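Below you'll find the structure, written out as structure tokens, and then a few comments.
The letters A, B, C and D name the chains in turn, as written, and every chain counts its residues from 1.
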Amino acid sequence: MPERLLEEITEDLSDDDLGLLLLIRHFERKLLDLFGQGLVQGTTHTCLGQEYVPVALTPLLGEPDYVFSNHRGHGHYLARFRDPYGLLAEITGREGAVCGGVGGSQHILSGRYLSTGIQGESLPVAAGVALHLRDAEPGALALAYIGDGTWGEGAVYEALNMAALWRLPLVVVTENNGIAQTTPTAAQLAGTIGDRARAFGCRFLHVDSRHPHEIRDALRPLFERTRQGAGPLVVEFATHRIGPHSKGDDTRSAEEIRHARDHDWYPREGGSPRFARMDAEARAFVEVVAGEVLGRPLSAREG
Amino acid sequence: MPERLLEEITEDLSDDDLGLLLLIRHFERKLLDLFGQGLVQGTTHTCLGQEYVPVALTPLLGEPDYVFSNHRGHGHYLARFRDPYGLLAEITGREGAVCGGVGGSQHILSGRYLSTGIQGESLPVAAGVALHLRDAEPGALALAYIGDGTWGEGAVYEALNMAALWRLPLVVVTENNGIAQTTPTAAQLAGTIGDRARAFGCRFLHVDSRHPHEIRDALRPLFERTRQGAGPLVVEFATHRIGPHSKGDDTRSAEEIRHARDHDWYPREGGSPRFARMDAEARAFVEVVAGEVLGRPLSAREG
Amino acid sequence: MRVAESLNRALHEVLAEDPSVRVLGEDVLDPYGGAFKITKGLSSRFPGRVLATPISENGIVGVAGGLALAGGKAIVEIMFSDFVALAFDQIVNFASKSVSMYGRPLRLPLIVRCPSGGGRGYGPTHSQSLQKHFIGVPGLAVYEVSPFDDHRELFGEMLARGEPCLLFEDKILYTRQLFGGGVADDLFQYDVLPGAGGVARVYVDDPEQADCVIIAPGGLAHRALAAMRTLLLEREVSCLLLVPRRLYPFDVTPLSPLLERAGAVVVAEESTAGGTWGAEVAHQVHSRLWGRLRRPVSLVHSAASVIPAAAHLERDVLVQDTAIVSAVQELLP
Amino acid sequence: MRVAESLNRALHEVLAEDPSVRVLGEDVLDPYGGAFKITKGLSSRFPGRVLATPISENGIVGVAGGLALAGGKAIVEIMFSDFVALAFDQIVNFASKSVSMYGRPLRLPLIVRCPSGGGRGYGPTHSQSLQKHFIGVPGLAVYEVSPFDDHRELFGEMLARGEPCLLFEDKILYTRQLFGGGVADDLFQYDVLPGAGGVARVYVDDPEQADCVIIAPGGLAHRALAAMRTLLLEREVSCLLLVPRRLYPFDVTPLSPLLERAGAVVVAEESTAGGTWGAEVAHQVHSRLWGRLRRPVSLVHSAASVIPAAAHLERDVLVQDTAIVSAVQELLP
């Protein structure tokens, strides 16, 4: 898929898509803010720059489909549930937290959505879920998000192997942002993700586009075939992490960070009037959410 | 490499090669015999049909090279050390056992040769040894034998990845005998070993030949390049297990077993006069070894 | 019936009664039916519900966790329990965390079967008793097969927990007979201690009249029985043996009256010493019966060593009945 | 100097003094220097000897085992100790087996550093104290960083063992000051108990005049000190704190005279209950000091729960000084 002009991306989008993109962007920005103010503890990994991936994918998924997310999962969650209140409450341990504040940023379960903080661990689990779906709910699939660095874990290959052998309805979405924490992909991954996926008998697509429509068009038929029993699909998004790994820990050179920012879908110049309006709305909405959630009492633990 | 006529194989060999092949063959046969008589406990995995692999490879290795063997390692050991006394004593727990009878069939250490019984575990270890060699003894390499089934273990990929990234002098020899215990390769391995190796940035060679000279000629330059810093090499031997997995546990159909036997390097018709003589010698020698070793007192444990 | 057959039969019944149960493991299909034949016949009788997997212990347990998460029930066979080390992450960090770390209970009916223990000459990486390394994880129950137990009931209990369970199966039991009808042998009878969650008690005449209580998981049952026989016939010491079905969570409370009456307690297990299940039991006993025991609880373990392959060396390392005899004798006046 | 700096300095010295030592781990290179900065400066100063690895915990520990086997020495950093679960096989089934399973001793100098513990809001999979799961493996030593210890000496001791060592480093210590000069604070002084392999003892005036002894690994040191302060100032109870450098192998013998004199012993650790290090220590104490303690050893643990991410929930679960205060009070008349 050739890459379209960057400016076009946001203009082509429906209000719904654009609103979601902006919601995630402002949610993540606000989170870094709150961290800076000491209002969030522990760790959190924002998906700044990568928001378009779950925004593009979510309409391809139905209710019966499972999503497995990872440490960098706020966008995945918001794209599926549009629930910034529940998520922020979870991250800040307030009433209404989606997991009561027990899981926090990295450990979230809601319906058929689950994230956990150990890299690679979710892939065999997703394969198991896909096995169940294959037989019990044919047509449904399990989709798991992982980063490029997570391809270092042996669990990934054990899962791909079984998924291919058993033709499981599993989609592995790799957000290859060229870095794992501080380690460039080239220093942690020999060969390529595409060759690895194919070598394990998985279908594979590399996606350079950041345009949700293009992405959906390219993936819809592939997802469909996976649903119909063609076996696992690995999709690799070439993407860019424009923020730090978690908070204040970006060791990249100014030039590398500039290079990442150059690939941001968020227009540098502010974009069209529609964009400006929706951007302001999203920002304001996130402020409302934050104000409301941080005003809540601390979450209580059940049981 | 095209396959030569089966009958030619043993005739082309030097006395040394043929003697070693026959030593391993008769050693393994004797072992199954002793098992049958209840003279060996625990478990043991014979390499019947696969003897030519270590016989072919051993002359490519020097003293500084490490060998990592697996559960099916008697041939690997005998090819390196020609020490049937020490090995049989180890398997039967007699004086003179190479590891005092503590390790047994699957856990052997002698100089730079090490085997262990957990599939896949040795690959990261071999990579670590190769890392040490790369810097401390350039020109030396670490060679690890694994089976096709062992490609199910995630540890294999973690090791290949690091070996390729760091250009380690590691050779992974896969004896693909088409089966893992009772599970056919097609039921446990999606894709191919060659594609997997290459996808992890490793050089790869598939070997169909059972002829030690041919094998050596094909591999010598590849080993040399690995020694000189070209990074890891994966070699896959298409081979055949003509005996049971361990003892009395061959669940293959008569036809499958016949197919495996058809690929035996050991001539069905008895072979040439030289072959017949050396065969008888090896058989007799193994009888002597067994008689001597089983007459020894039980091994005592140090320390 | 041998214990292997009893386990196999129990699995047959479980799969017949509950179509949501699947079995996964290496080489579990017919005609082989698993390295120890415990899954024999299952794949023929329940096609599609028994999966032979690649050699991927971590992956298999993860897949099973996924099946359980999605509404199925999964029983994994680890060929030798030593290999469960490879699945430690999926067990401790995924399955047992998931049942509670999302702020509300999640059902995850998963059994990981672990053929364990030595005495068969398999050598250092195929003979361990790794139970103790899995004790004390919230959300993870640890069970052990006993020749006194009802294995159908055992599997039922584990699946009903709705959380991951490890089942250790001492390989030495597979070829031994299951006890039945309350008779252990010509000297000893047995029954189930009421209200203790499946603790078998084995005794001569009266469980309340023992000089010493031996607590041991199923794998030690025959060695404990042999020790009790020696003690009874050669020293006139009568012992009560308690064999719990579940090792963790474990609550010594229902056992306390028996322990207190005897005043002397031995806990035997095949593991090496250090951070053991036995030390945990001992601590509970000491805390609960402080001042009411004659001597401290005595722990019997294997020697602090790898488990050698050679039979004569292995015997020197592993717990034998003689070690139990000595431990009991040292406790008595 | 903060404990993080002390560990970093110790690593600098170890690498400077012994060219055969390598450091491996995720993101250990400069300028980052590891998630907790413990490896900071090493890669710049010792190029080629510090390796940033892929995210492959099992593989990394295996590679380190290979380095150690071949004549090198290896120090691995596991980013969060929770992930060491992935390397359980390489640690328990390879490295610690290899030193003895080949019938003769094999040197395998390997340290696996494990930043552990909660209190920082990292959530259920980044906050555990998994020490207990590694206790009692022959050939595997378990150490824990203490703010009273000399960390250069600690690394030296571990490498000199020639067998794999796990080093648990409670993350909560990283930002705390290393104690120095025998002064813990305005109330307490400390020294090293002679002949006990690096056990620090912390006390008011006289280590032999304590009402109660608290045994705790380094990560609990500050909580134990806070408890001792409360007990001293508010209840006039004086405690002696013993902080061992090595958790396994562990021999209580050199501590026994102190324990006996006090007659009351608490063992505190951050793990959940069940099969703990503390239960092991308690068993040794009970066996050795039978009839000479006023009450059974009291174990202090965190609640039987996953460790929640939210700070207020996490606090409710993890051991606090108040739990130690209560445990001591319950022991005293």
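Simple rule for what comes next: a residue touches a chain if its C-beta (ideal position, glycine included) is under 8 Å from a C-beta of that chain, and two chains touch if they have at least 3 such contacts.
In this text the structure is predicted, and so the values were computed from the model without any measurement.
At the far end from chain D, in terms of centres built from Cα atoms, lies B.
Put simply, the C-alpha centre of chain A and that of chain D have 37 angstrom between them.
Averaged Cα coordinates give chain C a centre that lies 31 Å from the centre of chain D. Centroid to centroid, with C-alpha atoms defining each point, chain B and chain D lie 42 Å apart. Shared contact sites, meaning residues of chain A that touch two or more other chains, fall at 97, 100-103, 107, 116, 118, 152-155, 158, 161, 165, 187-189, 301. Chain C has residues 53-54, 56, 58-59, 82-83, 86, 89, 93, 97, 100-101, 123-125, 306 in contact with two or more other chains.
Contacts between chains leave no pair untouched here, as each chain touches all the others.
Within the complex formed with chain A, the chain B residues making contact are 152-158, 160-161, 164-165, 187-192, 195-196, 198-202. By the touch criterion stated above, chain B contacts chain D in their complex at residues 66, 97-103, 107-109, 114, 116, 118, 121, 123-133, 135-136, 142, 154-155, 158-159, 161-162, 165-166, 301-303.
Chain C contributes residues 58, 82-83, 85-86, 88-89, 92-93, 97, 100-101, 123-125, 130, 132-139, 248-249, 271-277, 279-280, 282-283, 286-287, 290, 295-297, 299, 304-306 to its touches with chain D in the complex. Those residues of chain C lying in contact with chain A across their complex are 48, 51, 53-54, 56, 58-72, 74, 89-90, 93-94, 97-98, 100-106.
Against chain B, in their complex, chain C makes its touches with residues 26-27, 29, 31-32, 35, 52-59, 82-83, 86, 120-126, 306, 308-313, 316.
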